[in-house]
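In what follows, chain A forms one complex with chain B and a second complex with chain C.
Then we have the complex of A and B:
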């Protein structure tokens, strides 16, 4: 593309390189710094990320609304087939680049306060840097194979960070669970890659996008890719790992398990949207909305503040996936974008609550579970700043007008409304579900905020709670500011702002009546929440345990596996070992025979030779009787024998 | 007549100047005795001896460098050529090593000045023997070696030493008598004692009789006695067992070198003069016998010195293989073998002496000392591996060379006996493995705890290290030494064209 060459300068390329590599540099530097100087990391790591984020802003402005930037090098060849690796930087990728580096920088900054004094500080920042690098790799990769590589690296860093507190058994179990469930999804991804390779012979996204026809294999391939998304973005049925992943440090939850990594699935769907056939999209829409509904219901009854946020994340991701399924990747990306800010803000806010309460607990020598919202209440007085930020971000999550979440959710609802068509079909259920989800979102957000901040103080009453240092408040404030409608457009009720219009080039649906309906719907939800759930808590074991999915998996997967293991163990012992024993007996018997042969025939021969040697030795030595006269006799005799031998 | 006499005297004088190493050694003998009489200090005597050998060694080396063509000295008594100079250099090197070995022993060694004087005498005899081209000279220098050796054997001044010395003397006398008889027969045939002269060859070529063969075999027997090769080997084990360790080391190298040198010269002449008797086969049988008797008898030995005595008999067999080939490169390889043999033999003897001083005499006593004496045992092992002829040691290269020349000789002549010699040589190498590695086997594999503190910086270790490095060097770049040896021309064959004999 000649335009690419002219538009993008060398400075741009250097910047891109810096943006991508600085997190990696941060990883290396943090990993190399000895334990004694771990405080150095708290300066270097945010600094690297700050530069990276600034570079990302420049790159975003350069790429946005322009021709995509493409650069590639030959990676390897198999036979005559060349596999290349490179960068494909289009609008979506540039947007993700910005979001990832920006939020990663804020989380780095926040972590310097949150993680201060942690024993694994260098490891923490190293993995954070590594995660950011891998995530940028996903965002920039121009081929599915390269993306898969980074996809796995992201999974690995997620695993490392969930299990950061290695001394906690729950953390280790959660990390393992996240890793295993992701592997199930990634197996699907890998199969999808193989299918694509088998049918097209290329992994390159640009080349793949040139396919105009719709082939039947695409349904299978795209659904396989979607399996990877199910794992990474915690969609039904692999959604159970994300709530458990909350065992990791809260900034990690904010960055990885809310804003960026879990959104990678949605990003992948948007990136390879052209591959998806209508049938596949229907499946995706169904799964997305099902996930959204299930998670929203579960979020309603959780007591752990981080779990509520985790389920809410799953629910929002479900909405995004449903939007993709409804043929509106632009709406999904818009929601991803807004969600990244307000959900990160909520997590970091929750992190502040946990952090300051922990510190207060240590001062007051009192211990209770600070994450359990039943223990909290009335914190608005002691943590006014956090309260404000939490409310702003919460409003965005709930989709209250004048906040960013309202607009992006509107986009999704509009897209689904447009997609359902005019006639009556199952797609109406999706639309209804989407409305129910947005209703539930308001209720659980309200419940969470109300329980934590309003009412009377419960167990926190006696604690000396103070606001955290500015290094922690700053990122939350920035994220809260980014949660208002201005992020999307000047007009607080029009989601078709600068962002949406660029992504949504074909413009097959537009803002309409849905916005007003949605606004009214949300207001209704708020009032319902205020009047019904203010004083009442719902308790439902089914929802608390997320429809017993874990138990179900245990029953249908783990139990049979266990039984299979017991059976194979028995089989192994009884038959395979039996066979081995039998062959061992046979071998021993044969060995005895061979041993006899060895002793009697082979050793006999060897011993015979040895004794022959000894005999020769004894014979030659026998002349050495020690008597000199016999020596002389033998010598002379030998000479005479020689003479006789030669002469006669 | 006057003129002739003065010419002869001039020749004798000029010959004397050509013999500077031998002159040094001769003066050295007197000097050591005189100094020994005046000064009772051990160190001075030892240093003086060392100095004498070193000077002689240096003169030989410089001669080796500058000598253009063979020189006949003392009217054909001696012949100085590169072959004899090379062997002389080896003899002097062995002398230096013996003195260094004796240094560690000098406090225990009584009559040190006589001891050194005798050693120098043996070396002088060896020098002369390798140069001899006249039977009288051969006999004189041989007796010079022999008589000094008889005395040296008894230098442990105990009953065993006296017995060994007497046995050696008796056996040596018989061997000398046999040789002398052969020499007198030769004189009767040819009327000359110079066995390299044209006259000798001419007269011999016309008179090939069985008696001639008898005479030849008798003379060869005398040389075999010095070489300790079968069938004139039986003296070796008893004598070695009786002698002090440095003397054993000395005996197993210097007389052997001298014997092989003169045997080579004489055998070449015989081969040339006598076409009717197959001297190649006779020497092959002797080599086979030496190898077999040496190696097989060594298998059952319990005493280290006796073991080494049989080993030296077997090694004499290997040296003979080089001569048996009757090829120029065979002799070159024989010299290479002799050089490596000196190095590896001394490594072994240095450590045998070292262990003997620590009280380990029989092989069974070496049990488990490998941990306490790690480096001595390692060096000893390398010495034994080299004697066996396994890589990566010079012994392997030397054996490889020797066997390859034998193979060439077999290809040329097609005599079956040479093939048999090759087979026996290879088989005996395998057999030798069993007894050479017995001492290291006892030292390393068997377990026994000993409470002896050792000093790793012992003189023996430095000495051993140098020799071990040399042995390894001979393996890794044999070209260094071979390049030097290849310059040696063994000219006695070339001097008499076949036409003269025919």
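Then we have the complex of A and C:
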């Protein structure tokens, strides 16, 4: 396709190369810096990412609303068919490129403050760089195979970053769980790749999108790809790893487990949306809304501030997935876009609270769990800046009008309303659930902000809490600014802004009455939250433990496979080796028998004959002892016998 | 144009071994450096060989000399040749052997017991391995194949761990059983095949290439494809294939004839483990592809589902067993069983993807398992304890070691960017596609095999969690001062392997260029020849 490339200059290509490779350079450089000079990394890593982000802005402006940029090199041949590795940079990819590099840069910057003095500083920044590189790989990959490669690599960097504090047992366990559950989803992804290979013989996204007919295998293939999404985007039933992943450093949670990596699933769905059959989309919508509902309910009762945010992330991802299922990838991407900013803002804000309270605790020699919101309260006085930022981002999450979240959630609700059609079907349940989720979102956000910032100070009262350095406040401020409606469109009630209109060119639904309904709905939710949940804490073990999914999985998967593993070990030792030992023993026994036969019968016969002849020999020899007397005796005896014989 | 590359590779170590006999045993340094020198010389020969190699040409750099010619009257003429050559199947394995043997020599530096005997045995083993991978005459192959057994037996039995005698005898008996099966088939083939180049007289040939051509079988002999004998419920050719299959499956090793492997590994000294896992197991897969499949193509097709199922069982059973292992080396040994199961699955698919994937997997597993066993050896050298639960939080004391363990473990669990991923994805694609292309394997086999990937992640991550993460602690009788990070010599052997694993994971094409022509020809030949031969049950 040479004509599509004319728009792009060599400068553009160099920029793109820089954007993608600088995070990798950051990985290598950070990894090579010796421990003594680990402070160097706090300058180099953010610098690399800054350049990368600036480049991404240029790339974005060049690609947005233009022909996609395609470039590829030959990678390797599978059974004679060439698989290429390349870049397919269309509107969605350009948008994601911008989001990933921008937020990654902010998180790098923030981390220089948050992680200062950490023993594994170089490793931390190295993995952060590697993560960014892999994430950009997912975003740009032009083939499903290449995407799978980076898909697994982000899983690896997520593993390394969750387990960053290696001496913590919980961190290691959480890292393992995250990788394993992702692996289960990836196995599904792999089966999807096999199906696509067997039926089309290509992984190239552009070539695949040329398939015009709908084939039956596509349902299976797209559901298999969705299995990968279930793992990566923490959808039901593989959602339990994300709350545990909060053991990682908070900036990591912001970047990987809120803004970018977990959203990769939604991105994949939007990227290969053409592959999905209506039946597959229905399943996706169902799973998405179920996840959204379950996680929103769990978020209501959590006490750990990061876990609230984690469940809220799962819930929002569920909404995005449901929007894809409802046939509106543009709405899902819009929500992904706004969510990336406000959720990263919330996480970094929570990080500030954790960070400053930890420092204050160290000064005051006091110890309590700073992440437990039951220990917190009234922090608005000591942390006014964080309070403001948190409220802004929280409003966006809750979907309050004039904030970005309101618009993107509106788009999703409108999409689902349009999708459910006129007749009454199960799709109404999805719509109702989506409204319930948005109601619950308001309540848990309100509860979190209210408990942490309002009322009287609890255990923090005696602590010398101060706002963190500007290096940490800056990124949060930027993210808070990006949480207002201006991000989407100048008109605060119109989600059909620059982003939506570009992605949703063939628009089959438009803004309508839903905007007003949802605005009223949110206001109702806020008042319910204020009047009913302000002074009340809900306690529910079922929700606190996320419907006991972990216990269930332990019972039906983990424990049986462990038993099976122990059994195979036993089978090897008892039966296979047992058989071998038994046959060896049998052989030894037979050998002994043969040996006995040899000794007793064969040798016995031989020896018997030998001893017989020896006896005879001895007997006859005994006559010849060399004694003259005995010779005379025998001679006389012989003569006597001879005489007797002759005479008688 | 005469080439002597392969002969050089085989006979340099043999000559060095003979020369070593005349050197006094006290000169430990001589033996170490002369072996290293031999390895480096082999590397140079290998490089020259690869430069000469033309991927599209098939079997090449052939050397063929009469070896044994015996006139046995009415039985015809017995003819065995010194017949060696390489193609897309053997070149990767020969290259792997040269590379891994070099690393194994570096790793053998710590051997202090009877240095002379050790290095002479190592050199003999070296020649036998390369000979097995290049021989094209069945008798010659068998000779090299058996020749490997002897040094291996002594290397385990003399330089091994506490239960070395049990392990070495188990290894010996298992392999001997396999060898007997192969010997039986070899004799049957010898009786049935004649050399087409001698039209006037009956010349029995051991050439594998002759055996792979159905027209070279003498009619009404036991293994004649057109009129084979029936023994019990099956055709004699099916029996012959099964015997060969079991013989090579023991080497591979395939579940349920695998239990020699964990014991042999646990007891063997590190360099011997490395050679065992990286090279000896590959002879099983190599034998299947070089001998069993081409000579009995119709049997290969007949048994393909069986082979595929055995492959999948090995993948999952090995993975489960690895998870239950308490000894780190045993865990890695079982992971080898799991990974070699992929080789079976790939060959059974008889698709170019699957076959190329299997060869790639043999190559890649060679590098990865060498690295893993060296890593275990590093820890064992320090503490003489391999029990997983006796360690905790090693990452805080051994940073570089942990980094390389991470590389090794993630490479072994098939993470992209490492060579195992390329191999496994090709095998998966091939095995899945087989049903729609040639109707051999059911799709479900490939799908079930993905469980192996999940199990792989499970046992490796669990090991990482237990040994390397968490608070630093040592249990058992491990002295704290015995824990220190990698030495220069250890870097020297581990880093090249890590680089190779990464290189062949990111740039697989150079290797695939070599493998692909073979994989295409092989799958096409076996399918075509196999379908043209009618099976009379």
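FYI, the second predicted complex is superposed on the first by the 569 of 648 C-alpha atoms of A that agree within 3 Å, B and C clash if a C-alpha of one lies under 4 Å from a C-alpha of the other, contacts with A are read in each partner's own complex, and residues count from 1 in each chain.
Everything that follows uses one rule, which is that a residue touches a chain if its C-beta (ideal position, glycine included) is under 8 Å from a C-beta of that chain, and two chains touch if they have at least 3 such contacts.
From a predicted model like this one, the values you see are computed outputs, not experimental measurements.
Touch criterion not met for A:606: it reaches neither chain B nor chain C. In the superposition on chain A, A:646 contacts chain B only, with no contact to chain C. Once the two complexes are overlaid on the shared chain, A:638 sits against chain B while remaining clear of chain C. In the superposed model, A:149 makes contact with chain C only, not with chain B.
Between chain B and chain C, C contacts the larger number of chain A residues.
When the shared chain is aligned, chain B comes close enough to touch A:617, but chain C does not. When the two structures are aligned on the shared chain, A:628 is found in touch with chain B, with no touch to chain C.
The residues of chain C lying in touch with chain A in their complex are 170, 173-174, 256, 258-259, 262, 317, 320-321, 323-325, 351-354, 356, 393, 395-396, 410, 415-417, 421-422, 425-426, 428-430, 432-433, 436, 443, 446-447, 450-451, 453-454, 457-458, 461-462, 464-465, 468-472, 508-509, 512, 516, 519-520.
Considering their complex, residues 166-167, 170-171, 174-175, 178, 210, 213-214, 217-218, 221, 230-232, 234-235, 237-238, 277-278, 282, 285, 292-293, 296-300, 431 of chain B touch chain A. Within the complex formed with chain C, the chain A residues making contact are 74-80, 145, 148-150, 152-153, 156, 159, 163, 166-169, 171-173, 175-176, 179-180, 183-184, 186-187, 190-191, 193-195, 197-199, 561-562, 564-566, 568-569, 572, 576-577, 580, 584. Taken together, the chain A residues at the contact with chain B in this complex read 613-614, 616-618, 620-621, 623-624, 626, 628, 631-632, 634-636, 638-639, 642-643, 646-647.
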